[in-house]
Structure formats: structure tokens, C-alpha cells
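Labels run A, B, C and D following the written order; every chain starts at residue 1.
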Amino acid sequence: MEFHETRLRVRYAETDQMGIVYHANYLVWMEVGRVEYCRAAGLAYRDFERDAGMHMAVVEANCRYRLPARYDDLVSVRTRIRESNPRMVVFGYEMLLDGSDSLLADGFTRHVFLDARSLKPRKLPENYRHIFI
Amino acid sequence: MEFHETRLRVRYAETDQMGIVYHANYLVWMEVGRVEYCRAAGLAYRDFERDAGMHMAVVEANCRYRLPARYDDLVSVRTRIRESNPRMVVFGYEMLLDGSDSLLADGFTRHVFLDARSLKPRKLPENYRHIFI
Amino acid sequence: MEFHETRLRVRYAETDQMGIVYHANYLVWMEVGRVEYCRAAGLAYRDFERDAGMHMAVVEANCRYRLPARYDDLVSVRTRIRESNPRMVVFGYEMLLDGSDSLLADGFTRHVFLDARSLKPRKLPENYRHIFI
Amino acid sequence: MEFHETRLRVRYAETDQMGIVYHANYLVWMEVGRVEYCRAAGLAYRDFERDAGMHMAVVEANCRYRLPARYDDLVSVRTRIRESNPRMVVFGYEMLLDGSDSLLADGFTRHVFLDARSLKPRKLPENYRHIFI
């Protein structure tokens, strides 16, 4: 899968008094993109947490804001895996105004695989590797 | 304790494109008021969850919006217990512009005491009753 | 239109450390339901703000929490108009686990129509009345 | 001013089902740090928006997560200006567990000065330069 594309509608709650989307919310949209990427690859992230007893903890997040997203805009989030190994994965994101070439923002999140109980690093089990690597 | 007063500063993140605070955020401010009420009464809610193995789950929330709060306003949250017994507690809140009589909003939250593991109702243990009842 | 139904997927960002959805987020879902109700009735709320120069300000919000919503749940929001006149409108909401009869929460929001510039009450113009009344 | 330090208390609303603070909220804490930095330097950001008719728009945000922040933690946000000129400013942040050397996260936000009306770049007026440059 080169990238997965998902759509979301900008909520009023996500705007601020500049009349545009508050910048922290793009990180939430990246979460939506990442979760839908995994689902399209065959893994519900909810099941991953429960069945593997693991988390995919964010250790770095980066976003570059190109054009403001506005209330009620339909946004396409394109998510891909940029880098990965059994200990970590980097997801890349492009957020576009749906049906256009207008790049609103792009960025990445870097994750490490953790044991859910101890919150310590743990290698991704073999049976999940085809999803991420 | 008739009521407990705590102050908070409106964040840019909490505004929306109307130029005022988005209404759902007042429920978060009620949480801040409630937690500080408990702390002033001698109970860190964090310890309550950990030591008693319980939650105080919200079963109803109500807010009436009187005047808009704006970015950077200093808001006073006055919290009191309106009603309580070993199974439930109702907190009441008034949110005012700090240093004035301007009532921004008022409301209440109704909670039941739950066992943290089963998320089933559980009576408040004796040693916590003086806080709430 | 008796009611309008829209679906949304619970985001990780919307959960809290109880492992369920944080209660203030249901008010955001009501916003999603209300906006989609209006769109289905022929009015993009974004256009209403821009073309009529008006807001539909929340003056009261109420939510009763019945069953916890969880991460990745698909939630159906059923929105209807409970009461309305040229000065105000009350929307009612039921939030269910999609494809089931499990009522997660229900509630209402009461709104007054405001002039966007002055933030003072203003009667709904005739050409919008069929949407709300 | 080498850096400005401000404190905030972690809200329950800011946690997620991992039992720690959801990562996007650190960007909101950066906003709190930045606003308090400006206030300590003599400028209420609210007045800047109103009096200068300008915004300080975020064009890039970056955060590296070192240790999880938890509910009710008291967090110190240390904010400094890393780079600036009349067109832009970069703020750097360190977030620590208050009263300790535990670095929770660090990062930066890059901003450009915009005209509030047109949302186009505009040079910072002379009378505000001592705050940022």
C-alpha cells in the first residue's frame, strides 16, 4: 500500500478565533489517518492494543502548516509508512483540501512499540510485522 | 466548605471562530473546579482513583451559557456540592469573570461512584464520605 | 424530517484514562449531528453564518450518559428539532452504538439566533425559517 | 529574558486510554507557555491581536516526547525565543515535571506575523520588536 486516504469534515470545535483550524488539531487528524491506514492494511488498532497488549507510543510529532483549513472543509488525509523496523515506525501525512491539490499541511509522527502494562519498549511480534514493515 | 473557588485562564485553543469560547470547554472547566474542590477538602482525585480503586463517573452534565467567555479572560469557577449520598454526588458550578459579578455560565454534573475495574456502581467507602457527604 | 442520522468513529484523542470517551466530547458529537441535520435539510451551516451574518449560539446544553462509548466505536447520532420559533431552536440528540439499540447518551442543546457582528439576538430571516421551524 | 517558566496542572480531559496525556495536548501547553512568555515580556497577546491587527500564525510545530505526563501532574513549561526577525519567530519549549529535572517533552513552534484581516504576511511593527527580537 503506497498510501491510504481518508476523509474528515472540519468541526466547529476545531476552529479558533483566527477563524481557521487550531494547529494542534492536525495531530488528531494524523491519528485518524494512521488508524485508518492500519485498518485498510488489515489491523484494527483497537485489537492490536487488546490482543498484542501493546501500544504504539508517539515519541515525536511534526507538522508544517501550508494553508489554513476552515470550518466545514472536507479534508483528505494521506497516510504512508516512511520508515519502520520491529522497534519503531514513522508515519508520514499529507492533508489536502478534498478534491483539490491544495496542500493544507504535512508532517510525520514517530512511534515506538511498547508493552501496554509496563510502558517499556517491546519488539513488534512476528504476526504483526507485515502490517508495518 | 460552602464552595471552593479556583481560577483559570482561557486558552486560544478553547476559542472557536465565533471569537468566543467553544461551549463544550465549560465542561472541562467544571472538571477543573471539581478536582480543586476535592483537593481543598483533602482529597487528590488521582489518589482516590488509585487508592480506592474507584471512579466518579459523570452520568449527567448541564450548562447554561449567560455571557461569552473570551480568549485570555481569567475565569473563576465556584464549585459546591448540591446533593450527595454514598452512591452519587451532584456538583454545582458558577463560572464568573474573575474580579467581577459577571456570570458567564452555571451548571451541574451528576456522578455515580463506580468500581474502577468493573465500571459497576459501588458505594463510597466510609473513609471518603466526609469529603462528599 | 423526523430525525437525521449521522455516523462518526470514536477517536483515541476523545478517550480519557478511564478507558472510555471523556464526557465533554459528546457535546462535540451533538455539534456534528446538528450540522449534518441542517445540511440534510438543505442548509450548510457555514453558509448560514456567512450569508445571513448570523450565529446559532448555544445557551444551554444537557447530556445524560447511559453507557460508555469506547475508542473506535462507530456511533450513530440521531438529531431532531424539539422546539423552535424565529428566536430560538432546541435540538434533541440520541447517540447509539451503530447497528444496535444501545443508547450511549441523549441530550439537547438550546440555541438563540444572533447577529454575527453584534452578538445580539436577531430573529431568523424568513428565507431560513423552513429549515428550523 | 533567557526563558520564562509557567506552571499548569494536567487535566483529566487531557489524558487518553493509555493512562497518559494525549500527545496533541502538548502543543496546547506550548501555546500557554508562549502566551505567558509574551505577558512576562510586557505584551498581552490578546492586545497584540486587537491593537496591531495581527496574528502570529503557526507554520511549523515539533514535539519530542521523553517521558509521559500523567493526570494531575504539575508541569513546568519553559519557553524561550530561539530565533526571530521582523517576519518570523521561533519559540522553543521544555516541559518538565515541576520541581524535578524530569524532561517530559521539548519542541518548537515557528510563526510568521500576519495581517489579521487578509491573513497575509506583514512585518512586525517597530513598537513590538523589542518583545520578540
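As a working rule, a residue touches a chain if its C-beta (ideal position, glycine included) is under 8 Å from a C-beta of that chain, and two chains touch if they have at least 3 such contacts.
This structure is a prediction, so every number in the text was calculated from the model and none was measured.
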If every chain is reduced to the average of its C-alpha atoms, which one ends up farthest from subunit B? A
Which of A-B, B-C or A-D has the same interface as C-D, meaning more than half of the contact pairs match by residue number? A-B
Subunit B-subunit C separation of Cα centroids, rounded to whole Å: 23
What's the distance between the Cα centroids of subunit A and subunit C, rounded to whole Å? 27
Here the gap between subunit A and subunit B, centre to centre from mean Cα coordinates and rounded to Å, is 32
Residues in subunit D with touches to at least two other chains are numbered 12-13, 18, 20, 24, 28, 31, 71
List the residues on subunit D that touch subunit C in their complex, please. 12-13, 15-20, 22, 24, 71
Subunit A partner contacts - residues on subunit C that touch it in the complex: 9, 11-13, 28, 31-32, 35, 44-46, 71-72
Which residues of subunit A touch subunit D once you look at their complex with the stated criterion? 18, 20, 23-25, 27-28, 31, 55, 57-65, 68, 116, 119
